[in-house]
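Heads up, the next two complexes both have chain A, just with different partners, chain B and then chain C.
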Partner chain A sequence: MRDLIRHSLLTALAVAAMFWLVGVYDASLRDARFLDGWILLLGCGVQVLFSLRRKFPLLPLGNVSSWMRAHIYAGFFLLAAFALHTQYAWPTGIFETALWALFVILAVSGVFGAYLTRSVPSKLEQNRGGTAFDDFPAAQTELLQRADDLVLGVGGVAASPSITDFYANTLSGFLNGPSSTVGLFRRSPSTFRRLCEEMDSLEKRLDDGGKQTMQAMREVLTEKNTLNNRYAYELLLRLWLFVHIPATYGMIVLAVLHVAVIYAYTAGVP
Partner chain B sequence: MRVQQTERPRKWAIPFGGTPVPTQDVKAMLSIPLFEDVDADAFPDASPLSEIIANDTRVVRYSKGDMVYRAGEYGTSVFVVLRGNVKSLMPVRSSEGSKPAARIGSLLRALTGLRQTARRNQGLDPDPSLKPGVCSPPVLSLGRYDLFGVLGAFSRSPRTASVMVEDDDTLLLELRWPALRELMRWSDPFRERMQDQYRQWGLWNCLQGSSLFANVDDRTLLQIAENATFERYGDVDWTHRFQKSASSANGHVPAIEREPIIAEQDHYLDGLLLVHSGTIRVTERLGHEERTTGYITKNGIIGLPQILGTAEGQGELKFPNGFRAVGYADLVRIPTQIVAAHVLSDLPERYARKARATLGSAKPSAKANLPRSYTEFFVDNRYTNGAMAMAINTERCVNCDDCVRACAAAHDGVARFARKGPTHHNLMVAQACMHCFDPVCLVDCPTGAIHRDKVSGTVVIDEATCIGCAACAKACPYDNIQMADVRDPGGAFLVDEDGVQIQRAEKCDLCAGRKGGPACERACPHDALVRVDLRDTNGLSEWLCAISYDTAC
Partner chain C sequence: MCAHAILPCRPIRSLRSVRTAVTRWTAALIFAVFVLALTYAGDAMIIVPGPMHAGHSPIAECGTCHSNITEGGFAWLHAIVKPSSERQDSKACLSCHQLSTDALQPHGQPLDKLKALTDRNRSGQTATGTPWSRWVGNAVFPTARAVGDGIFCASCHKEHRGVAADLSAVSADRCQGCHAAQFTSFEDGHPGFRKYPFARRTRTNFDHASHFGEHFEKTRARKDQSQQVPEACADCHTLAADKKNMNVKPFETVCSSCHLHQIAGTERLSGPQGIEFLTLPGLDVQTLADRNIDVGKWPEASEANVTPFATMLLGWNEDRRALLALVNELDLLNLNGASESELRAVEWFAWEIKTLIYALSAVRPSMVLKRFDNAGNMAPDTLTRLTASLPRDVVAGAIRDWLPDVEAELMAHRPIDAGDLARAVDSTDALFRTELSGLGEPTAGQDPDSAATADDDSTDTDDDADILSEDDGDDLEEAASDDTASGEEVSSEEDDVEEEPAASPLNVDAQTWAEFGGWYRQEYSVLYKPVGHADTFFKAWFDLSAGRSSPAATAVFSVLTDKNAQGQCTKCHSIDADNADARQVNWGTATSAAKLGRFTRFMHEPHFGFPDKKGCLSCHQLDQTAAYQKGFEDYDPLTFASNFKPVGKDVCTACHTADAANDGCLTCHDYHVDGVTAPIMNTKVPR
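Presenting the complex of A and B:
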């Protein structure tokens, strides 16, 4: 908590210093948009260095976690620089709108990503399991195989028709899918709860053998639910980067073009 | 799959001294007192005594002023003086004020006494130059056929004294660990001699190194030493027992009840216990159950508050908890009456304060800064041995695998750990070499390829001498050493004459030689991974708290 306060204060101080500097620049009757524009562009350039740092972990340039912290707080600083540069106004024109939109996407995805990286691990912790992300399909197939074996009675007695019917019409859909994060969030945990309730209801009418099969089936179902949740959360942790990183490079390209255009029309005079 | 045939690495392919000791020199060495009762016929054909001496020992020539080793360095060799003299320089004991002159003045006498005991056991005459009553710095001279380095070699812990050469052209016989192990395995007299040396030096080192006796003069310390006993509980070969128990219990940890009892709760406290090495589980009886409340490791003390309390008229002379050896524990036991007579009056203030505070509280708790369940987790899984364990906070880890990639980047594309392992609440102890306080993986290595770095103590494997026998991988209780297929620089798999793949042991080396420390730790963007001493529960607790979003922290 102390670190959080210290870093926030430092960021606020940097923002205040920037505002003061831009104010002084403005007071000297020069166009302050050049100054805050360059601060913004250079800041974005520095932010890109973070991904390069991650790609070269062996470089003796400090811990990546320190870079990550700097990346986050610099992001907030750049939000202020962006507000200053755009003068809190909506963009005009297609090019400006595109640049503005990319920055906003970048900022929103960044904040969302920071939130996810802090909130999702505890959710993963609640759905603890040893399956690596790339092994999820194999783990799902294995669970499905276990369920099939229970119903077909591999190594024992085949399940009763009521269980077979329940499995084919109700459980197999859950065990086979879903394949998308959106689907997972839509279906769990209410789907899982509903299936458990239906299993409870069916179990009351079964003999001892059937009850045993249902118990084993419930274990498979619970594992599948945990697997679904883990998959969904891990996918989320990856998906936001698919927005954040392309938006970064897109914005850098447009920003460079923006600078070129500005200098072309002002002949480089601030 | 491309393969390349090559000769399988074998034991003694690279002798300790670079070349084997010549046969006539081996004969000469076998005639020194250290080997006089070693029966060569007792050794198996695969490991004959002459070959052990030729390949696992070396004779090193030193000049006056050379250091053989320094206190604090790591090393598993034992040395014998063949010619010349060396002196062992013990670190001067810290004092809390009084009697410095007496302390230095009588240290030599204390050492002399021990030396004479050691010599008696070796059947050697005491050195006439070392006479009681001589005021001298804490120096012990060692002459022809004297043995040193036993404590560091056997406990796999840092050297407790520095050894400097006194004469030019001094010759030392250095026996590396594989030689010692084989000699002890096949020669009972040799083993007994070594164990005796270990016990004697262990006892003295424990007393001399403990700041509990900082105010005690050396004459008294010697008196304490004479009455103290060095005791071992459990078995140094605990790793195989632990692995067996773990596998037979289907992954469950062995029960407390199987661990050797050092003292039972509420039993008469007959002495002060100082922990020399190993780990002790502190337990509390609840009905018929025994539950873990903490653990005590090297330099820990048991029974001081009770002895002090009894002397001051409060409390009883009873063990406040149960104590069990986790694997093994070496202890020094000082009888209660000796402590009362010689230690309490000169007890350093901080010990007295702490002991009184412990007596005042309901129960002493060895490590109360982490929740009890963590303590149990560490002790049950033997993680108290971990000096640089990889701890991952699962509430911070996003499974990005940056740590694994960084490790792979530092080790030719192959990561040396697995980001998985036993987890307790939010703490995962990943499958990475913990660079144990007592690295049992070193014990069975036939070539000494796996060893501790002399300075840092990091457990590393020498690729040139590893023969891929997997002894270390089998001995590691935590399954943190893997056998990897060896390839040539072109990527072809190396096979022997019979077409069998050649393997080599691989494990985390803490990115030895790289600036900035372990790459895994530096690469984690979320501060979720740390290399940590699992005995430092304060540090661990602080780390878990510092990176926790839990406001209660």
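Presenting the complex of A and C:
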């Protein structure tokens, strides 16, 4: 918390300094939009360095978590620079609107990403499991195989017809799924709770052998649910970058063109 | 062999790989869309940052304002490497918004003037407490470097911010970037006022203190219903159309009930009520006759002086002015000691006077007046005002009474060869003489005897001349001494009436007859009495003589500005002068135009709701001790003492703070102090 306060104060101080500097620049009869514009563009350039840093983790340039922290606070600083540069007004030109929209997308996705990077690790901690993101399909197949073996009685007695029916009609869908990313977030954890309740209900009507089978099946179901949750959070940590990074480079392309246009048409004193 | 088929290896792209591809494609797509849009849009509208102000909406081409830009999809790219074009861009603005020649200098003012103002301000009260941010700004971003080549329009006026954007909005901080006096706010550190709002004496000499304390009281005490005493400031002052200035109501509304008689001269204790425009000057006829100087018939009774108007009318070139100056130095009523050349000058002068008087009756007055206007560019309305539509019969009556044989004398008299002076007759003069001599010649089909009176039967006929020619000696003097009003018919019956002026109570003297002003004749003078306030004759001669430095013009000006002068114009209307050539009579009070060039403006209207019961006196406090009248003893408008105490800054800061009635620089100060005008379009009339 102390770090949060310290870093927030530093960011606020930097923002105040920027506003003051731009004000002084403007008062000297120069066009302050050039100054805050260059601050904004150069700031965006520095932010891009973060992704480069991640590509070269072995370079002795500080740890990634420090870079990430700096990236987040610099992002908030650039939000203020953006507000200053746009004069707190909606864009009106076509080109300006595109640039404005890309920055807003970039900023919103960045804020969302910052939230995820702070909140998801704790969720992953609650859903322990050493499966790497790329090994999720194999882990899911393994769980499915274990469930199949329990029903078919591989190495023992085959499950009762009621268990077989429950597995075939209800449980296999959950163990095989979800079929889509959206479904991943929509079905868990409510689906998991409903399945547990149905298993409890069925278990009451089974003999001891059946109860043992259902107990083993419940473990499979729980592992699958944990796997789903981990997969969902790991996916989230990757999916928001599909918005943030393309928006970053798209915005930089437009920003460079914007600078070219401005210097071609400029009439004030930079 | 295994029955299972071996599936080929099909690597699945990682999310990172997919993301990289998406990123690249996104950047490429955005760039492509930009290029395609710019290519196929046909113009640069895609890169326009926003709509222009409504007033600029007719501008369709970027290059109209952005001088570096040539039209075409990507033509603007070339402008990136072109030299800066701020000056050219500003000239595009100035093609519609007209400013002074120093438009791109600070405040559109010449640098030497700005330097003088800065020096003056530095020598007086200064600002206190330069904000530390300005210290840093001065050191890190010196303004001089930014505006060394001038302050261009776009430095302050930012376009493409929407149709209703305020293009003239400028922060107060920007003003301080240049100004020597740097301070935090109007309330905190702004220099104190210096004699505000009085930059000069009032154009109209109206002593508020003496009127409030003395004249109004006396007038009230008289209880004369015809004289109105104002009860409130608004009885005399009214808001101007620009809502800034308080104008003085017209003379007829606020002054005439007490002061009109001073213009008309009805209460003058001495001297004529009208001003002598033309006289038949008194001459030492006996001496002239003894010395064989022929001036024709000249009434010995006249003791009139030469009027400066006549001197000005006759002195239309340097040679004539020299001769007139010589005559003016003589005692024309006692020429005993005059030299031969001086007498010859008097002879020339006498004939010129006769010619002038006769000409005013015989030819158009404009021809007479044009002779002294060497440039010949005097406007017809000026000529009209200078003569105040002088009635022909007034002059004809004067000729009848003073110089009954003048026409015959002039026909017989050959112009005197005054040596070098005679050669000075210019083309205008020749035209004048042609017109004058033509009147004496019979026209085809006309009785030669009546030719000279073809224009006006009421003027001298040959018969009249014969009759009048019999009146010589005492008869002539007697006739001349009778006052005759303008427009009198020349008839024997009238002559009878004039001989017994007291016979009828209706037969008043000419001056009394002209009670409402106008032309009249008295003894050997033709006089003009003001017809009221703003008399055009007086104004015309004031303006004409004020703008000329010749002795004759100065003499006319002196007569008009004398404290006992008829009309009493300069009793109220002050005269400004930088030197003798640039005298100017202030006919009106300060106008908005007169206030152009001032850096400070005040708008009265928003202050009318001032809750203070003192009203106008909240700001305008009377200074009973000020030597107001002393400020009008010379022609310098800058040496003065106001009737009112200067307004202090504390009066304004009572309301004008950042949290109350606004304390921005532009609330009271203009940047474009000379104003900005839009020229009328040069549209040709459809054919």
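Just so it is clear, the second predicted complex is superposed on the first by the 264 of 270 C-alpha atoms of A that agree within 3 Å, B and C clash if a C-alpha of one lies under 4 Å from a C-alpha of the other, contacts with A are read in each partner's own complex, and residues count from 1 in each chain.
To be clear about the criterion, a contact is a pair of C-beta atoms (placed from the backbone, for glycine too) under 8 Å apart; a residue touches a chain by one contact, two chains touch by 3 or more.
In this text, all values refer to a predicted model and were calculated from it rather than measured experimentally.
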Joint occupancy of chain A by chain B and chain C, clash or fit: fit
Chain C, chain A and chain B - angle at the middle CA centre, rounded to the nearest 10 degrees: 120
Partner chain in contact with A:Glu125 - chain B first, chain C second, else both or neither: first
Partner chain in contact with A:Tyr265 - chain B first, chain C second, else both or neither: second
Touching partner for A:Phe95 - first (chain B), second (chain C), both, neither: second
Which of chain B and chain C A:Ala27 touches, first, second, both or neither: second
Contacts of A:Ile245 with chain B and chain C, given as first, second, both or neither: second
Larger contact residue set on chain A - chain B or chain C: C
Which of chain B and chain C A:Trp67 touches, first, second, both or neither: first
Which of chain B and chain C A:Leu58 touches, first, second, both or neither: first
Overlay on chain A, chain C to chain B nearest C-alpha distance, Å: 11
Complex contact set, residues of chain A against chain C: 20, 23-31, 89, 91-96, 98, 102, 134, 238, 241-242, 245-250, 252-254, 257, 260-261, 263-265, 267-269
Chain A - residues contacting chain B, complex: 1, 3, 54, 57-58, 60, 62-65, 67-68, 117-118, 120-122, 124-125, 128, 130, 132-133, 234, 237
Residues of chain C touching chain A in the complex: 14-16, 18-19, 22-27, 29-31, 34, 37, 45-51, 62, 65-66, 68-69, 76-80, 85-86, 89-90, 133-134, 136-137, 140-143, 146-147, 151-155, 158, 160-162, 171, 173-174, 176-178
Sites on chain B touched by chain A in the complex: 394-400, 402, 405-406, 409-410, 420, 423, 426, 514-516, 519, 521-528, 546, 549, 551
